[in-house]
Amino acid sequence: MKKDMQDRKPVVRQTLEKVGVTNLKTLVETSWGGRTYKFVPKIQLTIDLPGSRKGVHMSRLVESISEAIEEGSRETHYSLEALGKDILSKLRRKHPFKSGEVIIETDLVVQVKTPVSGRTTAESHEIKVKVRLDKGTFTKTLSVKVLGNTVCPHAMEITGIPHIQRAIGFLEMETRFDNRIDLKDMIDVVENSFSSKVYTLLKSEDEASVVKRMHENPKFVEDVCRDILYGARAFKGCIVKAKVVSEESIHRHDVLAEASAKY
Amino acid sequence: MKKDMQDRKPVVRQTLEKVGVTNLKTLVETSWGGRTYKFVPKIQLTIDLPGSRKGVHMSRLVESISEAIEEGSRETHYSLEALGKDILSKLRRKHPFKSGEVIIETDLVVQVKTPVSGRTTAESHEIKVKVRLDKGTFTKTLSVKVLGNTVCPHAMEITGIPHIQRAIGFLEMETRFDNRIDLKDMIDVVENSFSSKVYTLLKSEDEASVVKRMHENPKFVEDVCRDILYGARAFKGCIVKAKVVSEESIHRHDVLAEASAKY
Amino acid sequence: MKKDMQDRKPVVRQTLEKVGVTNLKTLVETSWGGRTYKFVPKIQLTIDLPGSRKGVHMSRLVESISEAIEEGSRETHYSLEALGKDILSKLRRKHPFKSGEVIIETDLVVQVKTPVSGRTTAESHEIKVKVRLDKGTFTKTLSVKVLGNTVCPHAMEITGIPHIQRAIGFLEMETRFDNRIDLKDMIDVVENSFSSKVYTLLKSEDEASVVKRMHENPKFVEDVCRDILYGARAFKGCIVKAKVVSEESIHRHDVLAEASAKY
Amino acid sequence: MKKDMQDRKPVVRQTLEKVGVTNLKTLVETSWGGRTYKFVPKIQLTIDLPGSRKGVHMSRLVESISEAIEEGSRETHYSLEALGKDILSKLRRKHPFKSGEVIIETDLVVQVKTPVSGRTTAESHEIKVKVRLDKGTFTKTLSVKVLGNTVCPHAMEITGIPHIQRAIGFLEMETRFDNRIDLKDMIDVVENSFSSKVYTLLKSEDEASVVKRMHENPKFVEDVCRDILYGARAFKGCIVKAKVVSEESIHRHDVLAEASAKY
């Protein structure tokens, strides 16, 4: 019987570092403390391909995603990173590879209280969970993207009044798979680094409190970036990256600051 | 006591057709037949503002969204359009307006069977639900965006072989609020209009069947657009719009076709 | 000889309102007062298609764009709207249609002086030029998208300090083809409606001036939207639409205001 | 006299790897062989910031961009990478830094002939030019993003007919600043790696030729990625990265292949 096209020799014997499916959207269930959570994340699943094989059997990648999603939902505690690990574990039994990687991107909604009126408000953050399997060892990279603001200390000093704008903070942690890190704690680190937190719902008294907090806490993007890294020092065994982009209210362009640390 | 800033007279006495919040992402639950569904949609909520008032009380719009989401989840049957209606109904009691509109955009995941191997596969589609309240009357506009493909009949005829590409079909229905229309039926209309349906999971035998179907069914974007409108004729009492964009595999640009009908 | 596939009868005899090419990027030259300007706009060109014809000859649309671009550049005064008219005029000689429409989207860079230091700074704005030909008559719709800011008068009043954020203003004018309207005048109307103008380059003394101007001129999105419409009243014979989106610095969502007028 | 806020000590003494401006759009002129070319690129300019300084003087970064653009246009031969080098050279005299980086992203339009009818057609590609200055040494990274297609050899073999789709090829070269590499040669390498080239303008005879070429040359994304790397082997002294994304016509998701090499 003829070999599948994918299993033949390619003309150019180049190893490919990543081959797979991307921008795949599907329904995922996770569970925590008896409650289930549903997401429609965007998933990317890739493996390496040696120079001796023409192609990857793409349908086995999609099957691994489908089967892991279906079985995973029966567990009591089941996180997005556990799902990522299960996808790679299933794939290992269907398709040979040396290194495999799954990236799951979605929105995480967190309930918080407003600062003065104490109302409950739902806040949505973009998160990314990457799980890698290299020569039998799992690692993970967790990322959060969180909105906040900057209040310019330079304008504040020279004029007594600042310019203020929305800013976006990014925090990424690369660590061993079993290092327990909560995405909500990462979101807290970023939120606490801005001039003030932002909220979906704000009554007049909350708004007054947020605006006051902003003005008492002027920060450059450089300050926010440093404070994110400083806030993240509690997470041990991690390579940490921080980035802040400020959508300047006095300019058409944005300003940014980026840094990394190893804890 | 001083009037709120928003309730004073503006300098320019211009009526504004839409004022409100947009790009608000939050967690929403719907239910159908005893099962609950969760979404993190993007929501826009706007009302008109007469020339005699300076501003809208934005926090009342956000409160109406929060409260409707919280209460809605206790119903047995609860759709996104029912949620939209509830948001406007709550807002009416908090803030005066003549016309109000809520737009909810999210992904809808549908389970289907692959054409030959009969595997279950999850397919995600972008949907948009708009509910309007004008002088006491509710109307709605439902939209779906569905992926498929076109197979060029012109190239097929002149060369015996076609060019093929991914295409995107849009179907929108504007109708009275109580006209029962299922978003899944709208998705079916669009999917059945392409050269073939597309699937997330396809085993070799499924792939062969899909490719064969494509080649037996060559279509221009013009054909797909007409077939969507024709397929939608079963929905009575609707203003229907169809649009198809084909991401040409022989060009850098796309081609498109658009049309509308009243059934 | 066999008819081209496009010229045959379709199965569904539905008229299509728009059929054509979209997302086509190419190089365009315009000229003004002896100087030439170059753009790489995104172009969409569509025509209607009667129910009696299966398809549009797409290559004739692309040829009309190419030929108009090539010939146009020899004129002394040659605007994007003149190019749009030429594309439709060429197409009329190649392909039958009742109504045709071309949309040209690009960035327009304008040189201005900073408010105090008087430095020259280049400011970029997104513009859109639409030209339509319906039963022999040309009309046009000009649009600009301009960045600025809002400074919340409500927070200013209740706390003495405001929240400030980047805002985006849109102005659109639909009018007869020969109504002379300068895109730069439209940009000015929008810029003058914000709490302050924004600049790419700002020295310390300019920054102080801009921040002071902002604080003296607090505005809701509602105010900015009304002021755009009011500023546009000088353009006669136009249907005018204005929209403002404010990227709130105290919220994760945006707020918006929209209105229209006929002058 | 008081130190500028930016020059004081920050609370957290963390070195920042990149601080600067991003998403800045402006007008740029380059010249080649006596002809001038104009672009409206998106520019990012960043420098490192030591732990001993609170902030970067952002306006000096913008000034360096403005001044380099203004002076640069008088040269006979002036490329985007020469502009990048000039921006960093100017900035070095205004602001201290150890490593600086400028990224210029724009569209490059190339005139080519159609394969059979020999018509001239303008083809637009996205390009990115990055110039870095580290401890006195300039390096550069050039990237191109080029559209083409893949024709599935697996479906072709099992059914005699393929599925075909648009694909996007990326090629990136990191090398010393004075290594002469033409962006157009990089575009050629990517274009020649697809199942066939794509064109904006195609007459019937051209279309037939392109479609025939496609079917004679079926390729997986893996094949296209390998062929890009193989085609790039002529560029010496470079770290080369290639990536291909295929927008599958039988799936809702995309497939991808990525690899790198050192020549």
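Labels A, B, C and D are assigned to the chains in the order they are written; within every chain, residues are numbered from 1.
To be clear about the criterion, a contact is a pair of C-beta atoms (placed from the backbone, for glycine too) under 8 Å apart; a residue touches a chain by one contact, two chains touch by 3 or more.
Since this is a predicted model, take the numbers as computed values, not measurements.
Enquirer: From the centre of chain C, which chain's CA centre is farthest?
Expert: A
Enquirer: So chain C and chain D are the same sequence; what rotation in degrees superposes their CA atoms, nearest 5?
Expert: A turn of 180 degrees brings the C-alpha atoms of chain C onto chain D.
Enquirer: At what distance in angstrom does the C-alpha mean of chain C lie from that of chain B?
Expert: Centre-to-centre distance between chain B and chain C: 26 Å.
Enquirer: Roughly how far is chain A from chain D, centre to centre by C-alpha average, rounded to an integer in Å?
Expert: Taking the average C-alpha coordinate of chain A and of chain D, the gap between them is 26 Å.
Enquirer: Take the average of all CA coordinates in chain B, do the same for chain D, and state the distance between these two points in whole angstrom.
Expert: Once rounded, the distance between the two centres reads 36 Å.
Enquirer: Got the chain C residues that touch at least 2 other chains?
Expert: 24-25, 62, 124, 154, 200, 202, 204, 207, 252-253
Enquirer: Write out the stretch or stretches of chain A touching chain D in their complex.
Expert: It comes out as residues 4-6, 10-12, 14-25, 44, 46, 49, 54-56, 58, 62, 153-154, 157, 220-223, 225-227, 229-230, 245, 252-261.
Enquirer: Using the touch rule from the top, collect the residues of chain B that touch chain A in their complex.
Expert: Contact set of chain B toward chain A: 24-27, 37-40, 59, 62-63, 66, 69, 106-107, 109, 119-122, 124, 200-204, 207.
Enquirer: Quick check: in the complex, which residue numbers of chain C touch chain A?
Expert: Touch residues, chain C against chain A: 123-124, 147, 149, 154-155, 158-159, 161-166, 196, 198-200, 202, 204, 207-208, 210-212, 214-215, 247-253.
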